[in-house]
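Same chain, two partners: chain A is paired with chain B first, then with chain C.
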Partner chain A sequence: MTRSWAGRLVLLLVLPVALVGLWWWTSADSGSVYYPPLTRIVDKLQEDWLFEQVGSDLLPSLGRFTAGYLIAAVTGIALGTLVGLAPRVRRASQPVTEFLRSIPPPLLLPFVLVVVGLGNASKIVLIVLGSVWPVLLNTIDGVHGVDSQTLDMARSFGIGRRTQITRVILPAASPKIAVGMRTALSVALILMVISEMQASTNGLGFKVLSAQRSFDTAGTYAGVIVIGAVGLVVNLGFLAAEGWIMRWHRGARGLLDEAPRAPGPGRGLWSRARAAAAPPVADERPMAGTTGAVE
Partner chain B sequence: MLEIEGVSKTYGSGDDAFTAIAEVTLTTRPGEVLCIVGPSGCGKTTLLRCASGLMPPTAGAVRLDEHPVTAPPRTMALVFQDYSRSLLPWMSIHDNVVLPLKAARVARDERERLASEALASVGLDPLGRKYPWQLSGGMQQRAAIARALAYQPEILLLDEPFASVDAQTRADLEDLLLEVWSRTGLTVLLVTHDIDEAVYLGSRIVVLSASPTRVKETIHVDLPRPRDQIGTKELPEFAHLRASVFASIKEESLRRPVDT
Partner chain C sequence: MTDGGRPGTAGRARHRVEAVLLPVLGVAVTLAAFEVAPRIGLLPRTSFPPFSEIFTTLTDLVTTAELWGAVLDTLDAWARALAIATLIGVPLGLAIGSNQVGALLSRLTIDFLRPIPSVALIPILVLVYGTRPSLKVTLAVFGATFPLLFQAMYGVADVDPVAKDTARAFGMGWWTRLRHIVVPSCAPYIATGLRISASVALILVVTGEYIVGVPGLGAEVLVAYSSGAFERMYALILVAGLLGLVVNLGFHAVERRVLSWHPSHRPDEGGAG
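And now, the complex of A and B:
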C-alpha cells in the first residue's frame, strides 16, 4: 500500500475544507439578505438544531422516512419475489408497473392528501408510493434472472421451494435488490421533505419552507445543511451495511483485496457513495420523475 | 441401476423443432464408471438432464432401481461443469455441503459428520469456513464433489466436471474421483468430451453419434485397476482404446455437416 491512511484522509478533506473556507471568507462581510455570513448560519444551526428542534422536527421526519422506507422495502421485495417467480404474471404486469413507476411521485401528494388525510399517514404513504418501485422492479429483475444452473443444482439436491427462495433465489437476487434499495433511499428522502412542505406542522421540510417564508435566510440555509447531513449519514450507513452483508458479492467478483478478516466500511466507501449518487442508468433504473421534480 | 430407455428430446415444435436426442438407450451396471463421450454439440448435457430428472424427455423413460425418474431422486447426486455457478458464493464451503442435507432433514449431528467426512475425503477439511471464491477452481470443484458425496448418493452423475480446470488439476481430480469411487462403490455416470479421461476413468464408454443423437457403440475398458496417470496411460491397451474411441467420434464429427 503506497498511499497511507493519513494521506487518504487528507485527500478526502481537502476539498470540503477549501469550500467551507471559501464560503466563510466570501460571506464574512456580506450584507445581502440572500447570502448571510456563514457565522450567522452556524449560529442559527446551533440555536435551532442543537437540540431544540431535534425532538420537534428532526425525529418526526426521520420516523416518517424510516417507516415509509421500510414498508416500501418489505413490500417491494415480497411482491417482487412473487412476480419474479411467475413469468406470466411478470409479463402481464409489466405495462402497469412501467406506467405507475413513470408517474413522478410528488404529483401524487394532492391525491394522497385527499384520500389519506393530513397526518403522518399521508406522508408515509407518499414515501411508500414513490420508493417502492425501484425495490419492486429490481427484485423482479433479480429473482427472474437467477442463474439456471444454480436452480438446477438446488433442484437436483431436492431442495424444496421455500428453502430455494430463502437460501438460493433471494441471496442470488440480493445484489440487484440492494441496488433498488439504494435508489429507493434517495427517493424516500426526497419525498420525506416534499411531503412536509404541504399541509404539515413540523419536520425538516416544513422548517426550511417556513424559514424561507419568514425571510429567515440563515435558518433556511441551516435547515438545508441538516437535510444534507441526514442524507449523507443515511447513505453512508446504508453503504456500510450493504458492504458488510454483500461482502460475498464483491468477493465473488474479485473485488476484495484478498480475504480480509474484518470486512465492513472503510475502504471504498466514498467511491461507492459517489457511484450511488450517480447510478448507471442501465441497471439502477433511477426515478427520473422524482429528481426532476425536485430540481 | 439407472436405465435410460428410448429417451428422446425435442425442443420447440413445428418448423423450429430441434431434436437434441433422437433415441438413446443405456443402462448402468452397479458400481461401474460409465463414461459418455460424443462429438461436441451432440446433446450430452441434454441427456444428463433427462437422466437426472431435471427435464422430462419427449419420449422414452428413465428408471432408477425400477422406479420412474420424474424428479431428481434422493439416491442420485450431480456435479456440474461450472462450479462457479453451482456453488453458492454467499455460503461457506461447509454451508454449501450441508445445505442439501438440511433440505433432506438429516439430523444436525449426522449432517456435521457427513460434511466433515466428505470434506476430508476431498482434502478440504481445513477450509470449510472459506467461501467458494476464496478457493482455486480445482478446490471449488473438490467442494462440489464433497457436496455430492455428503448427500450419500448411490449414483453420481457428473457433467464434464473437470473441463474448467487446468491439466494438472484435472489429473488430480480424476485420481480423486477414482479413489472415492473405489472406496465407496458408487455407480458413476460421467459425461466428458475428453477421450483420455473417458478411457482412464471408465469401466465402459458409450460413444454417442452426432445430432440427432443415438448410441453409436459401447466400448469396454478392461484396463487393470487401480489405475494411475503414468502407468496406465503407458499401456499399449490404453493407446489402442484411445485410438478406437477417437476414430469412432471422428467419424461422427465428419458426418455432422451433412446433417445440419
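And now, the complex of A and C:
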C-alpha cells in the first residue's frame, strides 16, 4: 500500500496536533488547581527552563546521568566479558545476579543514602547499581553465545586471547550488548529522576517534586515536560549512535535494505528501532525489562 | 543459550554435579561476603549490618501480619495495573500493528510518550490522587502498557502473510482469522510482553509506594529508612527482591509451558534457566 508523501505526513501529524489542541482547548479556562491552562504551563516553561534552571538543575542532572550510565556500561561490558568467558563463574553467579537484578532499583535508594551519603556520589552510585544489570547480563549472554566455530577458527589462526576478545568476541556480542545498553538507558533516566526526589537540593526530579509540594501546578507540568523532552532527546541520540556504530552489523546481516515488515514506512530511526527490536525470544535472557522497558 | 552439549560423555557426570554445586557456591560466597564486609569495615557497620542480623530480622518479620498486609497491598496494585495495561496495550497494539493508517496515526504520539521516564509523572499523580492506591496503579499502568503495546505490534506485523492470504482465500471470516491465525502467531510476542510488563509494573508500584508513601512494601521500606531501622529496611528490600524474582520466574515458567508448541520454545533451550 503506497500513499502519497503528503498524505503520510498528514496522518503522522493529525493525532499529536489533535491531542495538543484538545489539551489547549479544554484547559483554556480551567479553574481546576490540578489542570492549569496549557498557556500558563508554556509560560512557566519559558520562565523556568529558558534558561534560568538549566545551569542550576538540568546540567547537574545530566552530568550525574552521564557519569552513572557510562560507569554502568563500562563495568557491565568488562565484567560481563570476563564472566561470559568463564562458564563456571557464569553458572556460579547466576542465582545471585538473578536475585540482585530483581530488586526494584528505586529501593536501592535508601541503601545508597545510608551507605554512600547524600551528595552527588550517591546519586551516581544508584544509577550505576540500577542500570548495570541489563548491560552485564546481555554481555554475559552475548559473549557466552559466540559461535564456537568462529572461536575455534580464531584459535587455529593463532590469534592471541586479547585480540580474540577485541576483534572476535566483543563484535560478535555487540548486538546483545547494544540491546542491554538501550534498556540501561531508560533505567538510568528513571533513577536520575528518582535519586533527586529524596534528600536532594537540585536536579530535575528535585524541581518537579518541590514545585508539586508548593502547589505550583503549572511549574510541575513544565518540569514533567522537560523530563520527557530529556528522555526523548537521550533516546534519539542513543538510537542514532547505535545505528551508526552498528551499521557494519546490519550490513553483514543484509539488513540494510530490508524493508520494514511492520507497518510504518521509511528508514528513519523508527525503522531502525524496529529492526533492532529483536524477535521475542532472541532477547530472552536480557529481559528487556526487568527494569527495562520501564520507559 | 546453548548450554552444555560441549563436554564429552566422560564430562557429563561431572557436568551434572557442577550444575548443582556451582550456583550453591555462588550464593554461599555472596552471603559470606555480605556477612564479613561490614565486620571488617569494608561496608559501614552502622548502616549496613552483617547479613546474619538482617536475616534474623527477616525471619521475625515474616511472622508478622504487618509484612503480609504490605505485600498484599503491593500485589493488589500490581495485579490491577497489569490487567489494565494488558487490556489497553494488547488490543491497541494489534490494531495499530495490523494497519498502516493506524501505525502512521499513532507513531509520533507513541514515540513521544514512550521515552518519558514514567516516574516523572509522580508529581502530577500526587496532585491528582494524593496518597491513594490509584496513584501507584496509574503509574504502573503507564509504564507497563508500552511493552505490551509494542510486543503486540511486532507480533501482528510478523504474522505470516501467506497464512493470512490462505485463510482469506478459504473464506475465513475476520473473527476466525483473528482467532486461528493472528492470535496464535502473536502469542509468543505477547507472552514476552506480559513478562516484561509484570516486572515493570511491580517496580513502578513499589516506586510509587516508596517515593510518595502509598501503603505497601515500598512505604514500609521508607518508614524503616527514616526511623533508622536498617536491619528491617534491608530485610524489606530482600522481600521486595524475592517478590520480583518470583514474578519474573513465574512468568518465565508460564511462558514456557503455554508456548511449548511454538517453534521459538521448542529447541533444546535446556540451559541454565
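Criterion: the second predicted complex is superposed on the first by the 248 of 295 C-alpha atoms of A that agree within 3 Å, B and C clash if a C-alpha of one lies under 4 Å from a C-alpha of the other, contacts with A are read in each partner's own complex, and residues count from 1 in each chain.
Keep in mind that, in the parts below, a residue touches a chain if its C-beta (ideal position, glycine included) is under 8 Å from a C-beta of that chain, and two chains touch if they have at least 3 such contacts.
All figures in this text were calculated on a predicted structure; none of them were measured in a lab.
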item: First (chain B), second (chain C), both or neither touched by A:Val234; value: second
item: First, second, both or neither for A:Thr166, with chain B first and chain C second; value: neither
item: Touching partner for A:Leu107 - first (chain B), second (chain C), both, neither; value: second
item: First (chain B), second (chain C), both or neither touched by A:Arg88; value: second
item: Partner with the higher number of touched chain A residues, chain C or chain B; value: C
item: Touched partner set for A:Thr39, first chain B, second chain C, both or neither; value: neither
item: Residues of chain B that touch chain A when the two form their complex; value: 49, 52, 54, 71-72, 74, 76-78, 80, 82, 84-86, 88-91, 99-100, 102-104, 130-134, 147, 151
item: Chain C-touching residues of chain A, taken from the complex the two chains share; value: 1, 3, 8, 11-16, 19, 33-34, 88, 91-96, 98-100, 102-111, 113-115, 141, 144-145, 148, 186, 189-190, 192-194, 197-198, 204-205, 208-209, 211-212, 217, 220-221, 223-224, 227-228, 231-232, 234-235, 261-265, 270, 274, 277, 279-281, 283-285, 287-295
item: Of chain C, residues touching chain A in the complex; value: 1-2, 6, 18-19, 22-23, 25-27, 29-30, 43-44, 47-48, 96-109, 111-112, 114-124, 126-128, 143, 146-147, 150-151, 153-155, 157-158, 188-189, 191-192, 195-197, 199-200, 202-204, 206-207, 210-211, 218, 221-222, 224-225, 230, 233-234, 237, 240-242, 244-245, 248, 264-265, 272
item: Chain A to chain B touching residues, read off their complex; value: 147, 149-150, 152-153, 155-160, 163, 167-168, 171-172, 174, 248-249, 251-252, 254, 259
